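Written out below as structure tokens is the structure these notes cover.
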Amino acid sequence: MAKNTKPSKKPSPPGRGTLQRALTTGQSQKSLTLGELAHRLGGKVVGNKGISIRGVMTIDEAREGDITFIANEKYSKKLATTRASAVIVSPEFQAVGATLAVAQKNRAGASPAPTRPALLVTENPYLAFARAVDLFKPEEIHPKGIHPTATICPTARLGQEVSIYPRVFVGERTRLGERVVIMPNVYVGEDCQIGEDTILYPNVVIYTGTIIGKGVRIHSNTVIGSSGFGFAPEEEGYFPIHQVGNTILEDEVEIGANTTIQRGALGATRIGRGTKIGSQVQIAHNVEIGENTLLIGQVGIAGSAKIGSRVILAGGVGVVGHVTVGDDVKVGARSGVTNDLPSGGTYLGYPAEPIKKMRRTQVAMHRLPAMMELLRSLKKQVAEIEERLSK
Amino acid sequence: MAKNTKPSKKPSPPGRGTLQRALTTGQSQKSLTLGELAHRLGGKVVGNKGISIRGVMTIDEAREGDITFIANEKYSKKLATTRASAVIVSPEFQAVGATLAVAQKNRAGASPAPTRPALLVTENPYLAFARAVDLFKPEEIHPKGIHPTATICPTARLGQEVSIYPRVFVGERTRLGERVVIMPNVYVGEDCQIGEDTILYPNVVIYTGTIIGKGVRIHSNTVIGSSGFGFAPEEEGYFPIHQVGNTILEDEVEIGANTTIQRGALGATRIGRGTKIGSQVQIAHNVEIGENTLLIGQVGIAGSAKIGSRVILAGGVGVVGHVTVGDDVKVGARSGVTNDLPSGGTYLGYPAEPIKKMRRTQVAMHRLPAMMELLRSLKKQVAEIEERLSK
Amino acid sequence: MAKNTKPSKKPSPPGRGTLQRALTTGQSQKSLTLGELAHRLGGKVVGNKGISIRGVMTIDEAREGDITFIANEKYSKKLATTRASAVIVSPEFQAVGATLAVAQKNRAGASPAPTRPALLVTENPYLAFARAVDLFKPEEIHPKGIHPTATICPTARLGQEVSIYPRVFVGERTRLGERVVIMPNVYVGEDCQIGEDTILYPNVVIYTGTIIGKGVRIHSNTVIGSSGFGFAPEEEGYFPIHQVGNTILEDEVEIGANTTIQRGALGATRIGRGTKIGSQVQIAHNVEIGENTLLIGQVGIAGSAKIGSRVILAGGVGVVGHVTVGDDVKVGARSGVTNDLPSGGTYLGYPAEPIKKMRRTQVAMHRLPAMMELLRSLKKQVAEIEERLSK
């Protein structure tokens, strides 16, 4: 088969080459004046509105024609040395950081940038930066149609303009919405629904009965709807609890790589609209997560836990089964949530406690050896006193 | 190739559609009277033996015709509002919970269930529930035969009635027992043995030389027998220790998704009969695990550790290398086992300590700031006393 | 297609059968005298130089003709019972351990080995053992050429003597060096570079724009270059920060199974030459890791952290974003690094502290309940004293 020998004669999935050129150069073919950019992102220019911006890059790697940003004071001194043509900053930074940077530049005598970069001043530099990347990012183009090596079961129904890459499997009665992209070696089981504009990256596995909304992205080797951990002890060994529920991912959910979400034992495991989940995350059966919640990498959530909306669980946080975490709760990295948490607080540690309390405890912990010393000497003193008094 | 275009002409893996209807409705085509069900599960009925049960569902989502269960007192009040036709409960619950539930119902005035559900009273409600799910679960049907896109190496030997899905790879000299099911994109290396009735879900990878028993289930993207972490420091950098051992999974082992079990450096990594392993678990080279042990999600076990039988390691527990954990040990979530643990105890924390001791320590920790206060004031008092006495 | 039916007529990837015979017997076809072996590994023989060594095995499983090693005093007593023909030991062990072992042998009266094993005495037994395994390990042979079911995009360029297994995908403009091995179901995106002698195991996914050096090994289901976790909060929900950077793995990097390395948001995520990464590891965008560093299983490193060279992070260690860990730092299992760490220290705990300090703190923690007791009784005594004095 000619298409499989090299060089190939047969048309094969065309390039995300544009994306790639951007990946390697940090610049696309697009170009905007700094003035136009400020208008699109919202913000005012300090410096030359007319300069041409062709890409976004980190402050260290930026070259002429790039715009970069400083969201973290820690990096303010770099303003003196960056080769970027423009820098997105906050009003506070403009007031303090910029002058600070110049002072440091003079002090440190660091090899100076050829020209002082212009500033794009905005209330939310991080959001402006994100929008700038979006403006300059090249289109991610996927070929329309179904590759001949894909297996589409007879009763599956596919929407218009889908992109089905080589060796994809789509099970019986599964429905794909318009413009769905399924990359190589993805398995989608029977009776699934996948909403329009959703992208599944290579080697993702979607188990039977999963329901996925619109504009969802799931990265490689993530598994949705595998069987949860359910075993009832009997005289000897365990009786398996067949997991006959399913998994529901609402619109605009994004999931990283090598993450696992298990289907409900009965009923559903549910991830709410706009929630973002990192890589290497484990979510057990019948967990319910609200909207616009962030779960960073390596988070683990045990069965039937309920997590609210706009919650942030930092990297490696664990949540035990059957607890409820209220809306807008924040939990620090590697903490262990062992009880219900009311809405709105910030927690740390294992068991997770309000962060101020936990910090005091941590400080005290490191004074423990000294405390023990003091305690011993006091004991001695008191003993001596009692001896004197008893005479 | 017609089979790859849509709609497909070629027979393709037939449905687990029955399963799916169950997945979406929670009910199958089967129907039993509550009396028959009580007879099969063991237990006595309080209420109408004649009512027809057609499925099992959670207490919140149950409808007429469903049976549900209450294993956790926490949910007892739901008895007043569930729409289930019957509820599996323990004798204690029947005595206490039921009346409690009614009381709460009257107090709360919650929208009442149309009819009070019948009770199925049994010593082990959780096991009875598991058996009920098993009774009503539809068969998971896999098509027999070998899909034409699978690669079966010439010297591989396959048992009767195997189901080999598209694009499976089976290496040289590998033997598959009867009724083995291997789903799409699974890779099985050379010289493996897989026992009868074992199921490998999509994208599982089995490295060369792995031995798998009967009735084993391995979920998607799990890797069995990859190379362990062995590097001997030399003058500069590391000399790789080639991992030439293998991996042995005994009968009825079940493994979740995205889990990794590494082959022995020399000799074998061994998982004992009936042991159940969750998702996102990492088991290093030459670990030995006994029978009917439970490792929940995100557990990590370092090289050459020995874990006994009927052990339970809760979510995220870590075990360091070369330690021995005795039979029937339980370790609480996120604990770190750094030393040998004798049989039968329950442990918590890092380093893991007997749970009662650890709980006292945790309580004391949170009193630390107060203790420091008290200590300072005592120091002051004692100083004053000494001053008075010295006069 | 005959090649897909069983038994197959078509030549298919030939065996790593030699490897496998070694896997199951622990011995290869090679044979060396102990004298020759000592010469090759460096070290002196105590005992019969002439005996024939045909393989390497663990001290428990070794048979006649095997050499084994004792690196850990803990196992010294096994010298009395091993059936190995020879044992690699350190000079210290020879002086102490050997006689100790004999003493224990006499005391324990354990069923003795048929003959006392010869000793191969060397300064670095572990390295000598690694080299012995390397000497006896059979070649891992991969068939040269491109399997007809692989998809090689037209503009991809492949070096001489590559081994491309079934159903591999190689994207546009990607370049593979000489002797690269890509096993079944691997996806390599567009515009990647993969250096000579690199091996990708089954189901690995390499995202667009990844650059991989020479002699790299990446184990199954690992994902390189997936999109990092970048979302800028806006009025409602989050604005995605498109991750347009890439990932660079330098020469001789080795990566375990089910690990995730995310590409840079802008610029690159970089793993330095000779660094070894375990399984189930999560490395976030723009992390930079030096040379010959070891990251054991389940380590997690947050965005933009910088890890030095020759660092060792034990299993499950977490590192927060934007911190710097100096060269030669060691961090104990499950610790959490929350601040910059200077070069060369050893740290433990969360937050990670110098190990000696942390051990003192841990000891003190477990004395806390006793301390509270003492504190209460002192308080009482002092109160009594004051009362007496006030009279």
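For clarity, chains are labelled A, B and C in written order, and residue numbers in each chain start from 1.
We adopt the following convention: contacts are C-beta pairs under 8 Å (C-beta built on N, C-alpha and C of every residue); 3 or more make two chains touch, one makes a residue touch a chain.
Treat the numbers as computed from the prediction; the structure is a model and nothing was measured.
**Q** Quote the value, from 0 to 180 degrees and to the nearest 5, of the angle by which the CA atoms of subunit A must be rotated to coincide with those of subunit B.
**A** An angle of 120 degrees brings one copy onto the other.
**Q** Are the interface residues of subunit A and subunit C largely the same numbers on each copy, more than half shared, or largely different?
**A** Result for this pair: different.
**Q** List the centre-to-centre spacing of subunit A and subunit C in whole Å, with centres computed as mean CA coordinates.
**A** Comparing mean C-alpha positions, subunit C is 26 Å from subunit A.
**Q** Can you list the residues of subunit A that touch 2 or more other chains?
**A** As it turns out, subunit A has residues touching two or more other chains at 149, 167, 185, 203, 221, 258, 280, 298, 365, 368, 371, 375, 378, 382, 385, 389.
**Q** Report the residues of subunit B in contact with subunit A in the complex, numbered from low to high.
**A** Contacts found on subunit B: 1, 3-9, 12-17, 19-20, 22-24, 26, 56-58, 60-61, 72, 74, 124, 126-127, 129-131, 133-134, 137, 149, 165-167, 183-185, 201-203, 217, 219-221, 252, 254, 256-258, 274, 276, 278-280, 291-292, 294, 296-298, 315-316, 333-334, 362, 365-366, 368-369, 371-372, 375, 378-379, 382, 385-386, 389.
**Q** So in the complex, which bits of subunit B are touching subunit C?
**A** 146-156, 158, 167, 169, 171-173, 185, 187, 189-191, 203, 205, 207-209, 221, 223, 226-227, 229-234, 236-242, 244-246, 258-260, 262, 266-267, 280, 282, 284, 286, 298, 300, 302, 318, 320, 322, 336, 338, 350-351, 353, 357, 360-361, 364-365, 367-368, 371, 374-375, 378, 381-382, 385, 388-389
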